[in-house]
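Look at the two complexes coming up: chain A is in both, with chain B in one and chain C in the other.
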Partner chain A sequence: MKTPSFRQRNAWLHTWAGLLLGWLLYAVFLTGSLSYFHEEISLWMTPEQHGSRPEADAPLKALASLQRLAPEANQWTINLPSSRSSTLSVQWLNPGQAPGKGAGQSTTLDANSGEALSLRDTKGGNFLYRFHFELTGMPRIWGRWIVGIAAMCMLIALISGIIIHKKIFKEFFTFRPAKEQRSWLDAHCATSVLALPFHLMITYSGLVLLMLILMPWGVQSAYQGNTQQYFAESGLRGGGPGGRGGREGEGKAPAPQAAPLVDIAPLLAQAEQRWTRGIGSIQISQPGTEKAVIELREQRGDSLIDRAATERLRFNGVTGEPLKSSPEAEINGSTATYNVLSSLHMLRFAGPEVRWIFFFSGLLGTAMVATGLIFWSAKRLERDPRHFGHRLVEVLNVGSIVGLPIAIAVYFWANRLLPVGLEGRADVEVQYFLIAWGLCLLHPWLRRYKQAWIEQLAVAALLFLCLPLFNFSLPNSHLLSTLLHGQWLLASTDLTLIAFGALFGLAAWKLAKRRPATLPNTQPSNTQPQEATL
Partner chain B sequence: MIWLSLALCFSGFTALCLSMDRHHQQVFGQKPPQPERLIFQIGGWLTLPIACTPCILAFGPSIGIALWIAELSLAALSVLLLLSYRPRLILPLALAAPSISLPLLLF
Partner chain C sequence: MVNDMYAHWCRLSGRLGALFEQRPRLDIAARTLLAIFGGYGLAALTTASLSLALPMPKAQAVLTATLLSFSLYAAAVIWAFSAASAQRAWAVVLGLAVLPAVHLLLVGIFA
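Moving on to the complex of A and B:
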């Protein structure tokens, strides 16, 4: 018997590494791509925020509200509206509360009136973001392990895929439509090869982000299990020296004398002039006392190396005199590498244009996995007699490639339709997501393969297209209002939903129109390549 | 800036694909003669790195390069789709895109 060649061995590896974790990778890629917009999705999912249209005096409104809401607080933080949010989010620390992530009280304010908004209970885009690296319904650490293993298989599939692709350059631009198997293979190769740098980057950086879970032994033996110390020393995850300012004056010192806060408007004007990107947040420690310090922070930075660290300006809170800013942390080589990879993955630095371009690259990755899975079953269909494994792949293909988008649409619908006062509302939304996905995985068992595709695609189209229509029942959320007021964050979300719906509709229509060519139970190979993008 | 760079990526890839027998045939109905092939090749390989410049100018080197690489994928994908479905449009679009995106810089 002849031993298989190097390329054949890799083909085997590529097929099975890709197939076994394909559906999971598809879900990770799709929810991950949506995570580039998780703040925008959260905004869309809380219509209570949609009436807030910030104007220039928003910081002063926030300050006035904080003076009313928390006059006794030790520290106020105001996050100003940005290119990704249209409301003010404020936090404050009451006396005795230690600063830290998530400490203290926080609320969302309408940027026009400064009134506190009561938002509906939802996980918003954060659910999709968490899902893409922790899944759901299981302990977080398990989810991270599973996704980590999937990412390793992804990397294996990418590299073996490069090895087995014989004509990367010769067939760089090749796509032959309406040729059954051939078209699916072309689509799979095109979506993989054309966005290969993105795929490699996103997979590898994803693994780096999970590295301490997947390979904890280095840190554990060097620090005897004290991972906190490792984070502090390495400066990873924002735990480095020079952290947040405005912590002095705590403890046993005598209570400082009361003193009015300086007018903040000139300080803001000064900062606006200095920073083209504008001010991101304002932090005031010891407000209303003689020790008050005002710290202004620039809107996100533009380098990958320091995790988009931003400049800060500090002022005396009574006189308005500038103070010396705390020194920035030094960055060493390995931290810089980690920072570049993690920033590239999470895209925290990016403005809307960059975000969109990466979003489309992410969808290409999603399409790569989807076309690969469909190709597997299309190829087997012509060669082998049908057996259970086949049927299983077909069912999982339909139930995940269209089923997951349906589940996401149902999640959005639940967000809109569930009563606002419902107990545990955020979790119920997630339950609807899971139930919908479960049904989509059951449905293809009962239907013929092609019929299952058509029906689910049609349902997906309907669900996505009707969401923007439903928004017309809300006063500030529908397209006419958002376009009129230039609220692009909301308008583009609605338009994207319409685009998704239209693509699903087109795919369903094309597939339904198509006559079965050779086999009675044929695969949907005549549909447009874009359809697989979803 | 982002549009200019995207347009240049698109034109660069168009030139490269026109230097290849199969795609030249798709667009013009014949294989490329030798001098043209060379011009397309050189033009394409020069345009693609040039497309990086607007990105770096607008976003700085680290984000600029990352963005450029992502743009290359999208530009190549549009070339591929046009070749398959509307091969006649590809040359006019490749010539028009950079010139249309230049005035956009003024706004």
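Moving on to the complex of A and C:
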């Protein structure tokens, strides 16, 4: 027997590296793409916030509310509305509480009235964000390992895919529609090549973000596994928001004298003039005393290299005199590389345009995985007789490629329909997501392949198209209201849901219309290539 | 002595090659094993060794080595499937692993 060639062996590698964890990769790509808008999704999922439309005096209203809500607090933090949020989020630390991430009390305020809002209990977009690297329903570390292994398979599939793709440029312009598996292959190649740099970047940077779990051996040998010391020396963590906050920890000092807080409006004006991006947050330590310090922080930055470090301005809280700010840490070569990779992956720096480009690139990656999986089953059917493995691939294809979007839609519906006061509401939403996905994985076992596709696509279309309609039952959340008030975050979420619903509907309709072309006895994936753009 | 070892390797390689040619599944299995575990082992050893050896501050060395490790792993996997024969793929990966392994052993002994 002739030994297989270099290219054949890489084709084998490409097929199996892609297939074995392909459905997981699909889920990671899809939920990861949605994570570029996880704050927007969270906003969409808490309609209580939708009436808040910030004006210029929002910081003063927040301050007035804090003086009412927490007059005794040691520290107040106010996160101002930004291009991605329309409410005020405030935190405060009561005497004796240690500063740190997530410490103290927090609440969300309406930016117009300064009143505290009671938001429904939901994980919002954060669930999708965490799912894309930790999965759900298992210890976090397992989830990260599994996703890390999948990412490594993705990297291998990408490289071997490039190797076997002989005429990468010429074939990019080749598309043979309505030719069964040939069309799927062309769609697979087009979605891969079109965003190849993105796919490579997102896969590699994903691995880098998980590197201390997947490849702890450098820290193990140089630091004997002491990760804390490594972080302290490398400065990789602690540079982010909240890391350096709350330096003033003097609890034993004699209680400072009471003194009124200076009028912060002039300080804000000074900062607004200095920063084109505007003020992101305000932190006031020891408010109402002679030791009060006001720290203004710039709105999140847009530089790749410094991990979007922001400038701070500090003022004496009684006199309003400027204080010296702490110097920023220096950045060297490999830290810069790490920062660029992680910022690129997490898109810490970007405005809405880049966010949309990354979102669509992520969807192309999702489509790349989906078309690859469908191509596998279409091609195998031609070569081999049906067997269990083939059926399994078909079922998993339908149950994840359409099943996951259905599960996400059900998650959104649960968010809208479950009673607001329900015990453990946020977890119940997630349970609905899991149940829906489970049902979508069962359903294709009971139906013929093509039938399963059509039915799930139709259900997905219905679920997505009706969500924006349901919003008309809420006072401030429907499209007319959001478009009228220029609340683009909400309006574009609704419009995206409609676009998804329309795509699923179109795919279902095309597929239902289509007659099996060549193989009358089997039901291969006689689907249109348009579906690849899901 | 070196000549003897080389002759020994040639005989072993020839025998393995004949075996793999008869049983292609065995060839694939050998390459897959090498790709998954050999590749990770090589990447892990090299990362651990470079973290100590790179001429830069310790934290920087660790970061640089770890950033590179995934490229090395990927390269090892591709190599495992691209080499002309499975036994050759194994020999090269094992050979590359000797240097960092010896380095780490020496560090361990003299630490």
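Heads up, the rule we're going with is that the second predicted complex is superposed on the first by the 514 of 534 C-alpha atoms of A that agree within 3 Å, B and C clash if a C-alpha of one lies under 4 Å from a C-alpha of the other, contacts with A are read in each partner's own complex, and residues count from 1 in each chain.
By definition in this document, contacts are C-beta pairs under 8 Å (C-beta built on N, C-alpha and C of every residue); 3 or more make two chains touch, one makes a residue touch a chain.
Predicted, not measured: the structure shown is a model, and the values here were computed from it.
Asks: Could you check whether chain B and chain C clash or fit when both are placed on chain A?
Replies: fit
Asks: Tell me which partner A:Phe360 touches in the superposition: chain B (first), chain C (second), both or neither.
Replies: The first partner, chain B, only.
Asks: Mind telling me which of the two, chain B or chain C, contacts the most residues of chain A?
Replies: The larger set of chain A residues in touch belongs to C.
Asks: Applying the document's definition of touch, where does A:Val340 land relative to chain B and chain C: first, second, both, or neither?
Replies: So A:Val340 only meets chain B here.
Asks: Angle chain B-chain A-chain C between C-alpha centres, in steps of 10 degrees?
Replies: Between chain B and chain C, as viewed from chain A: 80 degrees.
Asks: Could you say whether A:Leu194 touches chain B, chain C, both of them, or neither, answering first, second, both or neither?
Replies: A:Leu194: touches chain B, not chain C.
Asks: Between chain B (first) and chain C (second), which, if any, makes contact with A:Val208: first, second, both or neither?
Replies: After superposition on chain A, A:Val208 lies in contact with chain C alone.
Asks: Considering only the touch criterion stated at the top, classify A:Glu423 as touching first (chain B), second (chain C), both, or neither.
Replies: In the superposition, A:Glu423 contacts neither chain B nor chain C.
Asks: Looking at the overlay, what does A:Glu55 touch: chain B (first), chain C (second), both, or neither?
Replies: Neither: A:Glu55 stays clear of chain B and chain C.
Asks: Quick one: classify A:Asn332 as touching chain B (first), chain C (second), both or neither.
Replies: After superposing on A, A:Asn332 lies in contact with chain C but is clear of chain B.
Asks: Scan A:Ala350 for contacts with chain B and chain C and give back first, second, both or neither.
Replies: first
Asks: After the superposition, what is the least C-alpha distance between chain B and chain C in whole angstrom?
Replies: Value for chain B versus chain C, nearest C-alpha atoms: 19 Å.
Asks: Using the superposition on A, tell me which residues of chain A are in contact with chain B and, in the other complex, with chain C.
Replies: Touching chain B in the first complex and chain C in the second, no residue of chain A appears in both lists.
Asks: List the residues on chain A that touch chain C in their complex, please.
Replies: 1, 3-4, 6, 9-10, 12-13, 152, 155-156, 159-160, 163, 204, 207-208, 211-212, 214-215, 217-223, 230, 233-236, 332-335, 337-338, 341
Asks: Within their complex, state which residues of chain B touch chain A.
Replies: Contact set of chain B toward chain A: 2, 13, 17, 20, 22-23, 59-60, 62-63, 66-67, 69-74, 76-77, 79-81, 83-85.
Asks: What part of chain A is in contact with chain B in the complex they form?
Replies: 170, 172-177, 190-191, 194-198, 201, 302-305, 340, 344, 349-350, 353-354, 357-358, 360-361, 364, 529-530
Asks: Which part of chain C faces chain A closely enough to touch in the complex?
Replies: Contacts found on chain C: 21, 24, 27-28, 31, 35, 43-45, 47-52, 57-67, 69-70, 73-74, 77-78, 81-82, 104, 107.
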